[in-house]
Each structure stands twice: as structure tokens, then as C-alpha cells.
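We call the chains A, B and C, going by the order they appear; numbering starts again at 1 in every chain.
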Amino acid sequence: MSFPQDHMDETLIDAGEAAVDRGIALEAERLAEALIFASAGPVSERFISERLPAGVNVRAVLMGLKGFYAGRGVNLVQVEDHWAFRTAADLSFMIRTDDAEARKLSRAALEVLAIVAYHQPVTRAEIEEIRGVQTSKGTIDVLMEAGWLRFRGRRRTPGRPVTFGTTRDFLDHFGLETIRDLPGLEELKGAGLLSGRIPPGFRIPLPLGDDEPAEDEDPITFDDIEELGLLTPGGQADE
Amino acid sequence: MEPLWREASEQDGPEPALVIDVGGFEGPLDLLLHLARSQKVDLARISVLALAEQYLAFVDTARQVRIELAADYLVMAAWLAYLKSRLLIPQPPKDDGPSGEEMAATLAFRLKRLEAMREAATSLVNRNRLGRDVFARGAPEHIGGDRQSVFTASLYDLLSAYAALRQRQAVTQVTIEKRQVWSLAEARDILMRMVGEIGGGWQALDQYLLRYMTTPAERATAIASAFAASLELAREGRIEIRQTGAFEPILMRRGPNAGEGEE
Amino acid sequence: MSFPQDHMDETLIDAGEAAVDRGIALEAERLAEALIFASAGPVSERFISERLPAGVNVRAVLMGLKGFYAGRGVNLVQVEDHWAFRTAADLSFMIRTDDAEARKLSRAALEVLAIVAYHQPVTRAEIEEIRGVQTSKGTIDVLMEAGWLRFRGRRRTPGRPVTFGTTRDFLDHFGLETIRDLPGLEELKGAGLLSGRIPPGFRIPLPLGDDEPAEDEDPITFDDIEELGLLTPGGQADE
């Protein structure tokens, strides 16, 4: 990009011919706009002016941009001699200031979620056996609240433990059509996720989908949920 | 043409060894493409015969100097040798194998396709890329009321966590994994369940057993136990077994006493 | 509030009285602008439309915004049905910084990425068939970790192998609106190079003597592909 010195807008440059070249003004504006947009923090006037062609009046460029964005959904704001884009004040209700930003799932939660996905229907004791560590109730609660885990049924074994499964939301979030689309042993190996020596007898289970009730499982009823004190505030134990 | 291999600078064994510069080639097709390019004609005009000869000469040389080539390279060599014979020797009329022309077209197609994908890859990386040429908002604000999950996690995160966990556990608790030896009782149980499914027709034993043998390691013990169990069950009249010759599949079907309670 | 009126369009609103509706349309545009601007990643059309006043044609609002920003330093770009603001590509060299180096991919990874992009959904076996070599561990892994490849589903063939596809992040990263915008896609398809089968009539002359000229009536030749602009000089596959 070259900025010929002989065609410059009077309002944007300190000196130059009278001939107005909107093109140059626009180029300077475009560059300033992009620089401020891409920056993680407010950008100093000096930083911008160093990148504009010599002779361009940076203040005039920025004031022009400020005016351009004044009525828009996003405004160019000045903080001392630094500049930044901000959502227009009257639209700031849309922007969250609390820390409700989407968080990364903890390692423990990822593991529990994956175990349920592959081994469902699965009881909490089984999850712990596979993980080799105790699973805090909080981890499962978090996944239930996220809408990814659900109570599936009760195992027909002593104590009738509750079994867990994944939800439709889980499939949607992870882009799976059915739970059976989860990759198997060979595919995990092929994708480089499993490596090294895999002991003989190592298996990745084929998950049981919703339409395939396990033999030793009863579907969960509302009574079960009540009895077990599993009611979540919203009263929704199922999807 | 660039050298196709280099000599290893060190010999770490008693055998003199040469090392193919494997880093230079991504498999036999890549090597062929390299050779084809060195013919200095486009792929449509390439002499497949000359190409095959060049490749085979390369493999021969490699062998003479005792280079160990990956199996992929040798399979390709065998295929090209066959292609060469097809191209040179007139085919007998009743030959239903692929013609030399068909095989040559296949090879040319694969080379072209690979080349096209390489060009595509080049044009892809040369596009304006996010974070290099174009940039996203540097100071994003958070939009409230997103109905989507409060958690971010990709399928990759999920699968890698699972794979790492299972791998870790497999190493530390190998003994907890499923038993690898079939007991006779187990084999009996499985065979009896199978008998229920077979009905009256003869079926190969192996066919059923394979359903229960997911790893090669279990195969031997499963076959041994199942064979012993099947002899026992045949003696009890629960099944009948038959084999038409040595090493033929073992066939079995429901025996006269199949219905008797097992427990 | 001052708005440049010239880019507004009657089609922004489905029906209604001109003055009031124009106000609604402007408000809708500001809202959409603020929502997309606030986010670093592409924002879904559905998310935006849920936040716009009822009856507003979200697509028209977005197309209007896209046109409005087309010549500016920041552009509105579309990635499938998602929208994002991105700095204009022609300003790249002015904004580029040393630490903003894009991920370097190995030649193998790059090839696999291109094969998946052009052939998706594609199985690992098919990738290997095209490359003529086994995919080393870590290649697909790296691409999945980068967020460019994903498991797509399973092929309905014996063994139900898992198929791979590209992600929205892939499109976003390489500046593609949809997968149909892949460079040279139609030409490659037309040349039969994206199918597993050799296109009918795909024959090559077999000059057993090396100097025989190629026949003219070959339906697909390397020259054709070259002519169509699919080949860059040098034929280098890597950067």
C-alpha cells in the first residue's frame, strides 16, 4: 500500500494539496479501525500514528472514526490517549459483566462424562472403579446441571443403584448423531489418542443407546427419584 | 534428481546398514510421484512402464545394499512388477485379470489425485488465515443469555480424556481387566447358549466363538476350552459335532438332549 | 443517534409502516452488530435472531451489515450460518505481528487436512488409500487438537468405520464461508479426482516408447487441471 503524498485530504493531514482524496482518508481510517479492533487492549494514539503514512493527522482520523461509530451498536471510545471499541452503552444489557463465561470442564468432569458416554448405563460405583478414584458427588451434579447426564434407570442388583446415561443435549453439544458414533478402540488408536502398548483384553465398550435398555436395568420412575432424594430444584430428572 | 537415500553415518551393528531417507518420502506413492516428476513430463504423458522400471530399480538397489524397506514399498514393488508383466506380455484370451492399461490408468489416477491434493493443500495454507492475516476482535466481550452450555468442551477433549484415563488404568490395573483364560465351565456355558441359537442346522463352531473372542490373545484359549467343552457336550448328547476332514471347520448342531436343564 | 440511511433497505422488515419500521430495522442492525462485535468467535444466526425484535428478517439485517462493512478495515464475514467480524485481509501486512504466527503444520498433516476437507466424510482407510501410506500417529491427533478435524459419524458399510470431517473452526481459520468455497473444489470434482473410482474414460496413453506424443482426445489431462488454475507453479505441497 502506498500513500502518494500529493493527494491528501486537508482535514486529515497537516499539509498538502487542496485536492481532496477520500481514498487516503478511508485507507487511514480502515487501518486505524483494524488495529484497534484486533488489539487485546486500548491502543495508544502513538501506536496508530506510527503505522499510518507520514503526514496523516492521526487525531483527525480517530475523531472521524469516532463520529462514524457514534450511532452504531459499537462505539469507538477514548480513554486518555488510548482508543478502544466498546458496545454502545444502551446495548450493554446484552453484555455480561459477571464471570458467567463458558468455563472449561475440569479433567475429572471430562473423565466422568466420557465414562458415562462409553459405559452407559453405568452406576456411580462403576464409574469410580473405572477411574480408580472416588468421584465427588459434585462432579456428577455439575454434569447433570449442564444437561449432559441424566438418570437412566436402576440396576437390578442389591441396593438397586441408579444408573447414569447421556442426554440428547450431550449428543448435540459434541456433534454426535447417536451415541454409537463414539469412536471405538481401533479408531481411537488410529486418531493417535491411544498409543503405546495396549494390553491384551483392553476393550472400549460399545455404548448402549436409549433405545436399547440394558437387560439388568429398570427404567427410572418419578417415585425412584423422589425416594432417592434426587430431585433437582427444577424437578427435572429426565431430559 | 535428488539422491533417493543417504548412507547412515554410523554403523551401530555388525551388519552394514543403509538408511533410506524416509523423512523425504511419504510412502511409495510419494516416491513414485517424485520419480514421475523427474521424467519432466506431465502426469498424463508419463511412461508408466518407465516409471515402474525406475521404481523397481530403486527397490533392487536398496535391497542390494541391504536397506530394509517398509512393507508399503515392497507391496508397491510387487504390484508394479505385475503391472510391468501385464504391459509387456500379451494376455491370453481367457485371462480375466485387470489389463495392463487398466492397471496403468489406476496408477496414473492415484498419482494425479495425490498431486491434486497436494496442490489443494498448498492453496489452502496460502489463504488468508485467521490469526496470521486476518484477526478477530482482540478484546471480546461476553454476550449474556447464551442458551448454550455454560461449559466448553470439544469431542476431542472428551475422547482424549477418556483414552488417557483408560490407558493409565490399563497400565496400573492389568489384573482387573477381563480374564484371559476360558474355564471349561465358561466354555460350556457359552456353547450351550449357542446351541439355543443354532437350531437344527450344522454350523461352524468358529463362527460362533468369534463373537466372544475379540482379541487374538484370547483366541487360542477360547478354542481349546470350547473344543474340550464341545466333546463333553457331545458325550452328553446335548450337541452333535462333525468335521469333514482334518483342519476343516468343526460343525455343530443341537443334540437330542439339548433341551435338558443345565443348572 | 445518527445513522447513515443510504445502506438501509426496505427488505429489512417484513411489513409495517415505514417510519416505525425503519426505526426497528436500525435498532435491529445495531443489536446484531453489537452481538457479533462482542464475540471473538462466529455467532450463530439463530442466536442473533432470538435477540432481535420479533418480525425482523435477520438474514436481511446481516446482509445489510455485511455490505455496510464491506469496504472498511473490519469486515463482516459468514462462516456457515454463523457471523463474525474480521480485519480486512488486505491490511494483513500492516497488522501482522511476529508473535501472530499461524500454526505450522507438517507436510503429512497438511495433506491429511486437505484430503479430509475435499473428500469429507472420509474414513481413515480412504485417507491412507489416497496418500498410499499409513497415517502416522499424531497426524490426525494434531489436526483434531487444533480443532480443524472432527469425528463426523460412521459409514454405513461393514465395520461401520468412523468418518472424519472438518469443523467450523477450520472454515473460520481459512476464511471459507462454506466447504463449497474450497479452492478448486468444482474443478477437482469435475476432473473426477474426488471420487474413489477412476472416472470413466480416464485413460492414459501408454507409449511404450518414451517419445510418443500424447493423444489429443484424452478427456482429462494434467494440462486441463493446470489450465483450470488448480496447480501452482513449483508443485510444492508444503509451505
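Following the convention adopted for this analysis, a residue touches a chain if its C-beta (ideal position, glycine included) is under 8 Å from a C-beta of that chain, and two chains touch if they have at least 3 such contacts.
Computed from a predicted structure; not experimentally measured.
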item	value
Chain nearest the overall Cα centroid	C
Distance-maximising chain from subunit C - centres being C-alpha averages	B
Centre-of-Cα separation between subunit C and subunit A, whole angstrom	21
Mean-CA-position distance for subunit C and subunit B (Å)	31
Rounded Å distance between subunit A and subunit B, as computed from the means of their C-alpha atoms	36
Sites on subunit C at which at least two other chains make contact	35, 37-38, 51, 85, 87-88, 95, 144, 150-151
Multi-partner residues of subunit B (at least 2 other chains)	135-137, 141-143, 145-146, 154-155, 159-160
Residues on subunit A engaged by subunit B in the complex (per definition of touch)	34, 37-41, 84-87, 93-96, 100-105, 107, 109-111, 113-115, 117-118, 130-132, 146-148, 169, 173-176, 182-183, 188, 191, 193-196, 198-204
List of subunit B residues in touch with subunit A within their complex	135-139, 141-146, 148-155, 157-174, 177-178, 180, 214-218
Of subunit B, residues touching subunit C in the complex	26-30, 32, 37, 42-50, 72, 76, 87, 100-101, 104-106, 108-110, 112-137, 140-143, 145-147, 154-156, 159-160
Subunit A to subunit C touching residues, read off their complex	1, 26, 29-35, 37-38, 51, 70-74, 85, 87-88, 91, 94-95, 175-177, 180-181, 183-184, 187, 190-193, 195
For the subunit C and subunit A complex, residues of the former touching the latter	1-3, 29-35, 37-38, 51, 71-74, 85, 87-88, 90-91, 94-95, 124, 135, 137-142, 144, 150-154, 161-162
